[in-house]
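Here come two complexes built around subunit A, the first alongside subunit B, the second alongside subunit C.
Entry: the complex of A and B
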């Protein structure tokens, strides 16, 4: 038996051509409304205003939806009814947190806290952050994202972003993992597989891990410092591009052009939107909530054993001088390793207890955002890129942490916040 | 257990079809590159149980990115256990899909072609002579609309008829169709 014949690329295309000539008949095609819309949304003159409108609408919906459930329902319930009831009913409360029983400290937290951000116990802060703040944010984010995904807007966004992203050596399609990353960094790092070269994949994974906050974190930022969340996001995007441009110069490798495949607009199917939303919310409940709870337990144990106080003392000069925030921020950074949303929640607790000024809160939120990807993202980068890439990522991260944290300190000082 | 593989260009509807055929829930979107890893599930065809695998989209069997690598590697590894490859083609871009089909045929995979999004093709006034395509390729060809499920029953009934053919035979049959 002789080996099966294989064609060359040209021969194969020729054969495809011959076949299609015989079987495919193309009639006169009339342009429809969909085609007009499609055209308008990729042509820069009309596409960019449209893009701004879409993103702004996204942001407004996110705020309104999450705000309704968090401020309207969760906050009154947790702070006015649930927290006082639990503080009263749970055995082991002392006059202060230090004098309470260890179990009380871990599960309820501060017996004098007046809101769930401050209390910092598993049954108080962890539940409130996970279900009262982050869950509505996740639902709001993924509802809109899913609709954008299903109608086919994302590849059009990629076409528009192509020019800008090319300046930092990335393909326009990199905007898709970036948008996914605003939901959760983990699937976004996974999604970097569609990028062609190792250089692009490494750059993208690193930039996502370092600069892009997830919906959980944005949700809680919006709750704590609504007037500054937009500015912090813009600052982080600026960091994304600045670091991207630098990496593009430093890392050898190709950044080839690839064509973006733009599918036609399709109307999203309600069943698919709901199913996907359900999958993602379930994923959040399964993977995030345990980490939020575990994180609160670990951090409370570290407080109890004095590890965090020790860390604060050791790192105090760095935090006070370079970042201009009190050393108490260290606790939040330890928390950030498990879950960033909870870490930001912890900062909120510190701010409402008067330990952090607004300016310090902004700087420390930026620090938490840049500092270390959460554990899940960390593992994902390791799985996708290997140990070497992970170490290189961490190098970029440490640099960004100092540079952009210090810069933010300078900005809030100059702005006098 | 024998495998059924879902193969095709990015964003042609493999994952929708996978959900429909296996009942498993996977993330489906309207942009290329939603699936970057394979997903496995089970399905029954004519009383026999198969493992069905949804692969990331690929333009050819010479991978250009990591997602395509996953698809090509899986195809290679699964070859001895493959009962059928469901080759999903976007009916509005037949040529691009056929390139991959020919590669699959050259490598001796038992192929069934699903001409998916046939509703979109009709809207665009694209007519495909399914019978003739079937004669030329020598493998079953079925028109489908994965999002509504149209044609999937017929597709499943053709899975058992998938068999390897070779490219020289395709060329011979093509010459016959000319006359």
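Entry: the complex of A and C
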């Protein structure tokens, strides 16, 4: 060490050159197929069609996988075997829900229900929604997301989305919380930390809380109104960008440029994919299932004590005139505060009972989607942004709820759905 | 005819066929009823039509300079897009018939009936596109 310390600066550089000559192999770099594919997938002319293909594959896999478990396994089991057995065996059943015992009402729900969507009890609807509908959707979503993440496609998606997202004051990395949010809003709010400025973080948390439906909710929407789910999603994404552009103008703060490190494409490792999938599904089971059960209990108690009826009467003019939906939707909106997926399921029950027409069901699903994020997301936004940001988010939410809900009512009416 | 010269013609024709079916599928998705001819059916799906359209363009463009890694890359990207559409169709065909209408598990003939024709264009073109794997391996 002492000998090296006596070298002059020039001698040191000569030594560096000497070492590099011995160890560095020089030659012309030959592009590999992976390099070319990597380059093509970030160039808009080739990357955007490829992105459409990837997202198409994502959506089709999601539908086929979730449909396989929900329609093929869960629906026949819950509706044909489990529900009739429980309705027959559980004590306290009356001719109607109101005449049944409170415990029966909370745990089993409607004694005349023919399917678990309509029953609305903890042991019926809550279990069916959580495990029969939402769990397959969550597994399908996270499986594909993890594969895309591990093969290195997500940073390329971020690069492609950068130009579009810059128009609303965000940058390419905002695509990561956006896609995470399509799985569950809770980790997505946490994922907003990848954004650099306070303005960007607030905008992203608010926009995803208001406009991006989670996989659980999309799963239920596919089950109830498969033919309109795509249109509702396009409408919500339109709302995302319209409100994003407005917030970008109104909120002071910086939207800096970023440099994205794009790793090479790699084959996903099966063990890594399974581990990540397991962690994410466990997180869902821990955070979502208790809220589904709690939500059903709270809503049933509110029905039982007459609070929902009172709320329905008070808000009826607004709902009927402005949104064109019956006051019965209020119950679903109360439920949406606990779990949005369960709330959409509740709307399905109202539609099967003939309370909602198709057009009203579409508007109600949009209202539930835009309506304040579920309790878990609410807590997460408060934790990440503080009370002030939460209150500002509430302002954005109220505006979006009235504007986009009313607009959907107009669209549905004009389209004659 | 050298290997690359044959491949240029082969992928040129394949790309044009994918492009043609893409246009047809996209138009069917937008304006018309589902088209069926023999064992071929063109589904009413705008998105897969759009993907096939671009896949066809990429395969044609790649075929013109297949000896070059950049041309090959484009042809590979087009083929992957075709595989995604065909793969989704195959996956849906596998998943749909396992559980039947009547009971939890479909009868064998009910299960197999879903795999009978007609097939969508992407399924027809899938085996022809697999030749690209040979060139991918060749490029290292």
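Here, the second predicted complex is superposed on the first by the 388 of 417 C-alpha atoms of A that agree within 3 Å, B and C clash if a C-alpha of one lies under 4 Å from a C-alpha of the other, contacts with A are read in each partner's own complex, and residues count from 1 in each chain.
FYI, a residue touches a chain if its C-beta (ideal position, glycine included) is under 8 Å from a C-beta of that chain, and two chains touch if they have at least 3 such contacts.
Computed from a prediction, not measured in an experiment: that's the story for all the values here.
Chemist: Taking the superposition on A as described, I'd like to know which of subunit B and subunit C A:340 touches: first, second, both or neither.
Modeler: Touch status of A:340: no partner.
Chemist: Regarding the shared-chain residue A:171, is it in contact with subunit B (first), subunit C (second), both, or neither?
Modeler: neither
Chemist: Considering only the touch criterion stated at the top, classify A:195 as touching first (subunit B), second (subunit C), both, or neither.
Modeler: First partner only, subunit B.
Chemist: So in the superposed three-chain picture, is A:49 touching just subunit B, just subunit C, both, or none of them (first/second/both/neither)?
Modeler: In the superposition, A:49 touches subunit C alone.
Chemist: Does subunit B (first) or subunit C (second) touch A:67, or do both, or does neither?
Modeler: second
Chemist: Under the stated touch criterion, which partner chain does A:57 make contact with: subunit B (first), subunit C (second), both, or neither?
Modeler: second
Chemist: Considering only touches as defined above, state whether A:409 meets subunit B (first), subunit C (second), both or neither.
Modeler: In the superposition, A:409 touches no partner, neither subunit B nor subunit C.
Chemist: Determine, for the superposed model, which of the two partners subunit B and subunit C contacts more residues of subunit A.
Modeler: B
Chemist: Output check: A:222 vs subunit B and subunit C. Expected answer is one of first, second, both, neither. What do you get?
Modeler: In the superposed model, A:222 contacts neither subunit B nor subunit C.
Chemist: For subunit A, which residues belong to both interfaces, subunit B and subunit C?
Modeler: 32
Chemist: For subunit A, which residues count as touching subunit C in their complex?
Modeler: Residue list for subunit A touching subunit C: 30-33, 36-37, 39-41, 46, 49-50, 52-54, 56-57, 60-61, 63-65, 67-68, 71-73, 76-77.
Chemist: Given the complex with subunit A, which residues does subunit C contribute to the contact?
Modeler: 47-48, 50-51, 54-55, 58, 69-70, 72-74, 76-77, 80-81, 84-85, 87-88, 91-92, 95-96, 98-99, 103-104, 136, 139-140
Chemist: Could you pull out which subunit B residues touch subunit A in their complex?
Modeler: Listed in rising order, the residues are 10-11, 25, 27-34, 36-37, 56, 64-67, 70, 92, 94-95, 98-99, 102-103, 106-108, 120, 123-130, 132-133, 136-137, 147, 166-168, 170-171, 174, 177-178.
Chemist: Which of the residues in subunit A come into contact with subunit B in the complex?
Modeler: Checking each residue of subunit A against subunit B gives 4-7, 12-13, 15-20, 22-29, 32, 146, 149-152, 154-155, 173, 176, 190-191, 193-196, 201, 261, 263-264, 266, 268-269, 272, 275-276, 279.
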